[in-house]
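In the two complexes below, chain A is the common chain; its partner is chain B in one and chain C in the other.
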Partner chain A sequence: MSSPVVGTSVADVRGKERVTGTAQYTVDLSRPNMLFGAIVRSKYPNAKILRIDTSKAESLPGVKAVITGKDVPPISFPPFLSYDLRVLAGATDSYVRFVGDEVAAIAAETEEVAETAAKLVDIQYQPLPFNLDAETTMQPGAPDVASSLGFPRNVQSAYSPLVMTRGDIDAGFAEADVVFEGEYRVPPQAAASLRPFSCLAEWDGPNLTVYNDSQVIFVRQGELAYLLGIPTANVRVVSQYMGGGFGEDNLYRFIPLAAILAQKTSRPVKMVMPQDYAFEGSPNKRHAASFIARLGAKRDGTITAMDLQATYDKGAYLAGGSSVPYVGARAVFNGYRVPNMRYTTYAVFTDNPPAGAFRGYGGVQSNFAVQSAIDDLAEQLGMDPTEVHYLNCIRPDDVLEIEGEQVDFSQVGGSAFMEAIEKGKAATDWESRWSPSGAAAAAGHVRTGLGMALLTYGFGHKPDTANVSISVRPGGEVEVLMGTADLGGGQPTTISMIVAEELGARLEDVSVSLGDTNLPAAPALGSFGSRTTFITGNAAKLAAADAKQKLLAAAAGMLGTTSDQLGTSGSKVLVSGSSQSASFSQVVQSLPGGVSIEGSGEYVHTAQTSKSGFQFGACFAEVEVNEWTGKTVVKRLVMAQDYGRVINPRAAEGQMQGAAMQGLGYGILEDYSVDETTAQSTTRDWLYYRVPTITDVPEMVSIPIESPDPRGPFGAKGAGESMIICTHSAIRNAVANAIGVRFTSLPITPQMVIEALKANGGK
Partner chain B sequence: MCRPAAEKRYYQANAQNFRIRLRVSRRGLFKIIVGGFAATAVAATALLLGTKQGRAALESLVPAGLPAPSKDVTMSLNGSEVHVTVKANRTLLKVLREDLSLTGTKQGCTNGECGSCTVILDGLPVYSCQRLAVEMDGRQVTTIEGVSSGGSLSTLQQAFIDYGAFQCGYCTPGFVLSATALLRSNPNPSADDVNQGLSGNICRCGSYPHITNAVLAAAKRVDAD
Partner chain C sequence: MSSGLPPELMPRSIPEFSYVAPSTVAEAISLLGRYGSKAKVMAGGSDLLHLMKRDGMPEVPEVIVDVKKIAEMRQLDFEPAGGLSMGALVTIGDVERSDLIAERYPLLSQASDQISVPQVRNVATVGGALSQQVWCPFLRNALKCWRAGGEICYATLDGADNRYYHSVMGGDDCYAVHPSDLAVALEALDASVVVAGPYGTKTMRLDDFLPGNVWAANLLQSHVLSPTELITAVHVPPPASDTRYAYMKSRMRNALDFAIASVAVSLSVEGGVVTDSRVVFGGIAPSPYRDLGTQERLNGATISATLPEEVAGLALAEATPLQDNAYKVDVAKGLLKEAILNLSA
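Presenting the complex of A and B:
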């Protein structure tokens, strides 16, 4: 038998296209005769549109179409991603609700003409009072944001409050020796992907094709069909390569706008959003959130009660990510065996741009509150925080109530927390280096601190289905068809490996077609929420097993034996106990008139499995804080993560490191700022919104933990998000350890450090 | 000369877009100095355009309503001589991607901040969004299309694949070019050298540790070759 594929580091199957630049992202596409689109956006956070005059723009030579709210369907996007957004502000009323709200769209012969025309659209607004503060938006007298959208009092009623409980919270506090209370806040985070948001829409008779860097091609297909009032079958969405891919493509108006403009002009329309759209106008920044945390504990560190109140800022529309607050709650409940827990969430509307999906959706925020609070509680108890976590984290054989259901963790791959804590402590030499006042051996103005945080997160949230089909061709090639996008997480490679392993094919014989709604949907909802390996991987494994069975049946006749005497390896069918074999190619060619052998697999991700995918891990951070300059440098991150079973170790490590870098950015660098008087963003590019560069990279130690999930393909779990859930929290706790300042908001900038040290009169 | 009012309006409305924004990013300053934002007339114009006075001065020289003038440029592009007629306001990035269909040079921030559009100009890595195409006359430009000759990957490109030095891949051509230029000037870099040399390229996926490993490995392989 040949050596196994699963568990070995395999190079990206589409790597050559990436390193040679031949990978074509949407912005690289062009069509003869195409027009260029541009969008006019509101400069006001809340205003009534009094009048729009498009005549100057329309008369500019080269302008082919100008549309406003009256030219688009008077309906909102369908539920799931975009909800209450209309294709343009003004489609059903005359209000703009955030800076960047789209008001008009243009198609012109060149990009320059389109942009010039956008400046010539004359809009008169009546500016209205606005509110950017989620904590006051529900108070009487606060400016009304969302009542006209069906959300009176500026709250999303389904999640306001959303209450999740376990046990009896009052009894839990009654038996506590110590009660800790703290308030925590996290800012928005921009995906800040480098590729410009773009799409290309073209019509062929009644059929629309849209190219777009998208993680959610099938949802987008349904969305466009609904908005344009045409059958889903008439819409094709293609996403061959995706730049970025951290959730930020979930809702965009420019896509239906390009389709409408293309229809109106009978020409292909390409839309490339300006770069500040990645910051200011784009929906789908991470929700800003604030928390009140109360913990009750025994003197020995046993937490008897955990009570959290959360407020998530949705921005001006429900838009993408309606369930962010819910996921935030789950990302706490899935972590601790505390008998009495309560999590109360409010999701509220403000005049900020709509928030939405960003890697770690909901959980990054609540993790900060809980991991900071437990660290702060440990200090109050005079304990090592790792001991408090170790005492209270979910254990491998725990049976716990989560959302009213008993979850037996031994049935879902256990819990890797204790192992992650043990290994993380060993790798940081925690026992000998950590002290309550930092890890520096000698006093000095550069203080060293150690901190840690646990992470728990779901994967494959929401029920879903995946269909994968496989063809074994007469030449022995194995073709895999799956309609998911390649968003850079190594999904095509992972799926190829699963197919090669199950089918007994050589990896080099396997090729994947993807990123097109003409292919079978896998997964139907799209590639987000750490779901592709688990959901599509299961379907691919079933499809490979189906193809294998047919191959063996065909080979049995050819080799004069029975299927049960046959196995596969290295793209050959082998006879048990014999040197006889036939290549896949020979087997397929032996079939009468056979073109190829087909296998198909469908995996149904049920409500049950979608609620019980658990990622576990821990991040240990070592930081140096310069008390003179205020600068925090992350020196080392030790990351222990449970993958269930690692399919492709190097790709998994890349996901872990990349997620940690985004977490590091959120912790100390990425400072999204808005001018409170104008509501305009002051961080509209990569110069002011500082994402990590290669010089910010700490030493990184990756510790993969394998506790296979019996339901995953070869035991694999979803793994694309986890380390982003807790890296910022670990860094915050390490800073607290270094300088004794327990920050309650992010990012921890040099200015914050200096001011806090001044206020404290030094350490 | 009588110009239609619309065209005049077009030029006036667009005047601010013609301004080349000279913003000094992390290693931008280094690049501007080392790359020699050579004091060609064009670069000087670009600098002038950065100020109100500069724009006024330029507008006094150019008859009102004239669109940007064009110029014939001959450059060595990936080893071949290429002639293009370019408008004075077009960046090298736009000309490469739109006029020459070389979309391997990726369009990122278009503001000199992210490095996605890096090309090698006379041996040095530069942001092609910060260079005007008219500056390229008589100069040598290498894009990602010129790195892998005849379909075979360079040692560095192969190392990027072997070490998993990318995720979505959008920044990868820029990184490959910055690293190619780095290895030419410093064939045996330390990890710190690599990181300093690549500090002007952003990878939002955070593949940095694998990128550093890939460049170091490529340096060793080149040594062994």
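Presenting the complex of A and C:
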């Protein structure tokens, strides 16, 4: 018998082509006769377009098309994604609303000609007052950003305010011995994918094909059909290799623009966005947010009331992620057994670029407020913060009200918080090293601190139905078809492993086809929100079980026995208690006219399951803060994380480490800056927008905690967001421990450290 | 002139220019004389190409004079009596990896090791380090300031983000700091610069070469080179005996970042007493900032546990920070303390 596949570390099945350069990313694609696109963007955060003159651009040799708002459909992106963003500014009114707002698009024979033509489009603007701050937007008399979009004020009506409650908040404060109140804020964050954003659009008669590294191929297909007014069946979207998939794949205007330009010129059009688009103008930075947190607690650390008010900056349009603030609220209720909770969210329009989906999706922001506030409360109570978390976190058999429904945690694998705290403390030697005033006894200007934060994330939000089909071919190959794309997080590997395990096939015999709406695979929402392992994985397991049962039935006839005497292993059917066997290949070839054995599986991810999948974890950070230079160095991260049963430990650890580094960047490095006078960003590239380099990566210790979800394939849970939810909070709390300064905003910069120490009368 | 690359491989957003690549200094000077301010000298290109891509120049150069083929500018020589001579084309990576330099001029090794990333160090040159444009985020993000043909310094406006790369020691219209680590270390080693021009060559002290803000052809620049001149080499005097060196740099991330502040310190010590010192700060002023007051306090001082605090506490009292960058003075003083502490051990 071969050893099990699930639970062993396996290299990514598509890793080789990536590292050897044979993988064709969207930006690598080329077509004979292809045109290049370019986009004209607004330099104003709020302005009226008075006049657009495209004549100079049009007369430039090599320019094949110039389009403006009047040339695009006067409708918004589909309501699922947005109900105010048009394909170009000026489609239904004459306003630009953020720096980077798309105003015109060009198709030309070369990239240079397209870019030169973009500079020749002459636009006259009437600049209007603008507002880049969400809180001032809510004040009376602020420039009325959204009124021209049809909203009552600057506050988005659908989600303002969104109120979620548990218990009786007033009673909770009434029984508290102490009340803590704090204000916290987090900045925007760019996903900073390595790829340039790009697409290639080509028409064949009435049929459109778009190549784009998309996490959501069927959503993209529906979006293009809707915007172009053509049947969905006429649109094909292909996404093979992602050059970054952190959720930022939403509401790209350049994709429908490429399709429109390709239609207009009857030639393929390739659009490659400049790198600075990832930092300015792209509609998918993490929402900046601010919070007021109030906690009521007993002297022993039991929290009796938790009240949060959140304000999320949506930017200029309700682009994508209208559910971001909602998920942020849920993440708080999914974390603590506090009996009385209230969470009030405002989502507010500003003249910033639209914010959207980004790994951690709302939870990263609210985590900072809650994890900072609990740490601050622990200090006020004179307690070790791990004890306060331990007392109040959800326990494995808790039954708690979340959004009016009773969630029985024992039925979803239990909460792993307590185990994560225990193991994290052991791995950091917390009991002997931690003290309220830092981790190291030694004096000196470099202070060491320990801090921790919990994370919870509801994976697989949004109901969906996943279908997977399997063919066992006459050569013994096992071909798997799925309706989502390879996000880059090892999805085809995970699905291959699940199929190999269930079917008893060798992993090397399994191949996965995905990422193409023309494959005969049923549509699915896509790869996001840590959902593929759980949802598609369940369908894959069912499909493999179906194929196995058919294989055994066929083998029974061939081997002269009954199915119940047969098993599978190593791509062979084995007879129980005998050395007799037949390879999958032999079994399939034995069938009359045998082409292949087919299996199919469908998994319905219901409204109920979509709201009851939970990741749990804890991040423990050890930092050094240099009181002379103000610099914070993260020395070590201990990450205890529950993914349920781990399918591929190597991939899970990769997710944990990558997520932690994005969290580290958010905590101390990534300092998105917009000039207040011009509203231009001065952090529009890799130099000034500081994502961590390899030299900033600390020692990372991963502690997998297996708290299997009985509903997941082999007990697996989603794994994608993980440590990004809380690493920044753990670092903040470790800095507080090191130097006694409880920062309320990010990133923690040398300026903040030095100024705070001076204000404290320090060195 | 077309580069001949297929369209999909063309670099983005770089306007057309013509390209010449002289093979001798004399030829380069003749070309620069011919094109004048229409030409720009390129060596590693890490500064110039960024400026051209990011619209950081008043107008793009019509001619690029690529000096990389000039063999006589690649030499790296050491004579015990004459000191170190580095051709302008010696790369930062060459300096970082040179055993000769590590042994005799550890300050240069320490500074080079903390510059940018290995990929940049392998193309960026000693000459480029001294003649580069400032890396002010406003200038490098296409805001037309004094150095790009405008009449404004965005860093001094109310509410401007001047936290990282602007002067705490005043400015002269422009408040950007000089970005070079190597220049700071070279200044602490009393280096001089060899400049070629239509007149032949001349040797200048580094602080005369790099005064900070110099008006030339209606634009501000950091150095005194005219468009017809070329930096060909840098000389460093022989190392003094019994001298210890430290280069300290603080930056947000540990690679690919400029200094919030840096300091180069050389300390000659005999019998526990400082006999000579040089202290030069980087990242805080429009040029490397030689702190003569601190040097005076150090010279003659006895090494002790309290010396770092005593000396650093009085340093940079003349600072005039902008709205949000006063902390840079504290960082600079902190680095000075660390440097003296390390050198006193």
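Assume the second predicted complex is superposed on the first by the 756 of 763 C-alpha atoms of A that agree within 3 Å, B and C clash if a C-alpha of one lies under 4 Å from a C-alpha of the other, contacts with A are read in each partner's own complex, and residues count from 1 in each chain.
Methods note: a contact is a pair of C-beta atoms (placed from the backbone, for glycine too) under 8 Å apart; a residue touches a chain by one contact, two chains touch by 3 or more.
Remember, predicted model here, so these are calculated numbers, not experimental data.
**Q** Taking the superposition as given, does A:Asp675 touch the first partner, chain B, the second, chain C, both, or neither?
**A** Touch partner of A:Asp675: chain C, not chain B.
**Q** Pick one for A:Tyr25: touches chain B only (first), chain C only (second), both, or neither.
**A** In the superposed model, A:Tyr25 contacts chain B only, not chain C.
**Q** For A:Pro353, decide between first (touching chain B), second (touching chain C), both and neither.
**A** After superposing on A, A:Pro353 lies clear of both chain B and chain C.
**Q** Give the label of whichever partner, chain B or chain C, reaches more residues of chain A.
**A** Greater contact footprint in residues on chain A: B.
**Q** Classify the contacts of A:Gly244 with the two partner chains as first (chain B alone), second (chain C alone), both, or neither.
**A** first
**Q** Classify the contacts of A:Pro704 with the two partner chains as first (chain B alone), second (chain C alone), both, or neither.
**A** A:Pro704 sits against neither chain B nor chain C.
**Q** One more residue to check, A:Asn626. First (chain B), second (chain C), both or neither?
**A** A:Asn626 contacts chain C only, not chain B.
**Q** May I ask you to decide whether A:Leu687 touches chain B, chain C, both, or neither, giving the answer as first, second, both or neither?
**A** In the superposition, A:Leu687 contacts both chain B and chain C.
**Q** Report for A:Ala191: first if it touches chain B alone, second if chain C alone, otherwise both or neither.
**A** first
**Q** With the two complexes superposed on chain A, say which partner A:Gly100 touches: chain B (first), chain C (second), both, or neither.
**A** After superposing on A, A:Gly100 lies clear of both chain B and chain C.
**Q** On chain A, what residues does chain B touch that chain C touches as well?
**A** Shared contact residues on chain A: 30, 112, 115, 685-687, 692-695.
**Q** Quick one: in the complex, what on chain C touches chain A?
**A** Against chain A, the touching part of chain C is residues 7-8, 10, 12-13, 54, 117, 135, 137-138, 140-143, 154, 157-161, 163, 250, 252-257, 260-261, 324-325, 327, 330-331, 333-335, 337-338.
**Q** Which part of chain B faces chain A closely enough to touch in the complex?
**A** 4, 6-7, 9-10, 13-14, 17, 23, 25-26, 97-98, 103-111, 113-114, 116, 143-145, 147-148, 153, 157, 160-164, 166-173, 176, 194-196, 198-212
**Q** Give every residue of chain A touching chain B within the complex, in rising order.
**A** Result: residues 9, 11-12, 15-25, 27-28, 30, 59-61, 112-113, 115-116, 119-120, 191-196, 241-246, 275, 487-490, 650-651, 653-655, 657-662, 685-687, 691-695, 697, 700 of chain A touch chain B.
**Q** What residues of chain A sit close enough to touch chain C in their complex?
**A** These residues of chain A touch chain C: 30, 36, 109-112, 115, 272, 274, 445, 626-631, 668-669, 671, 673, 675-678, 680-688, 690, 692-696, 749-751, 754-755, 758.
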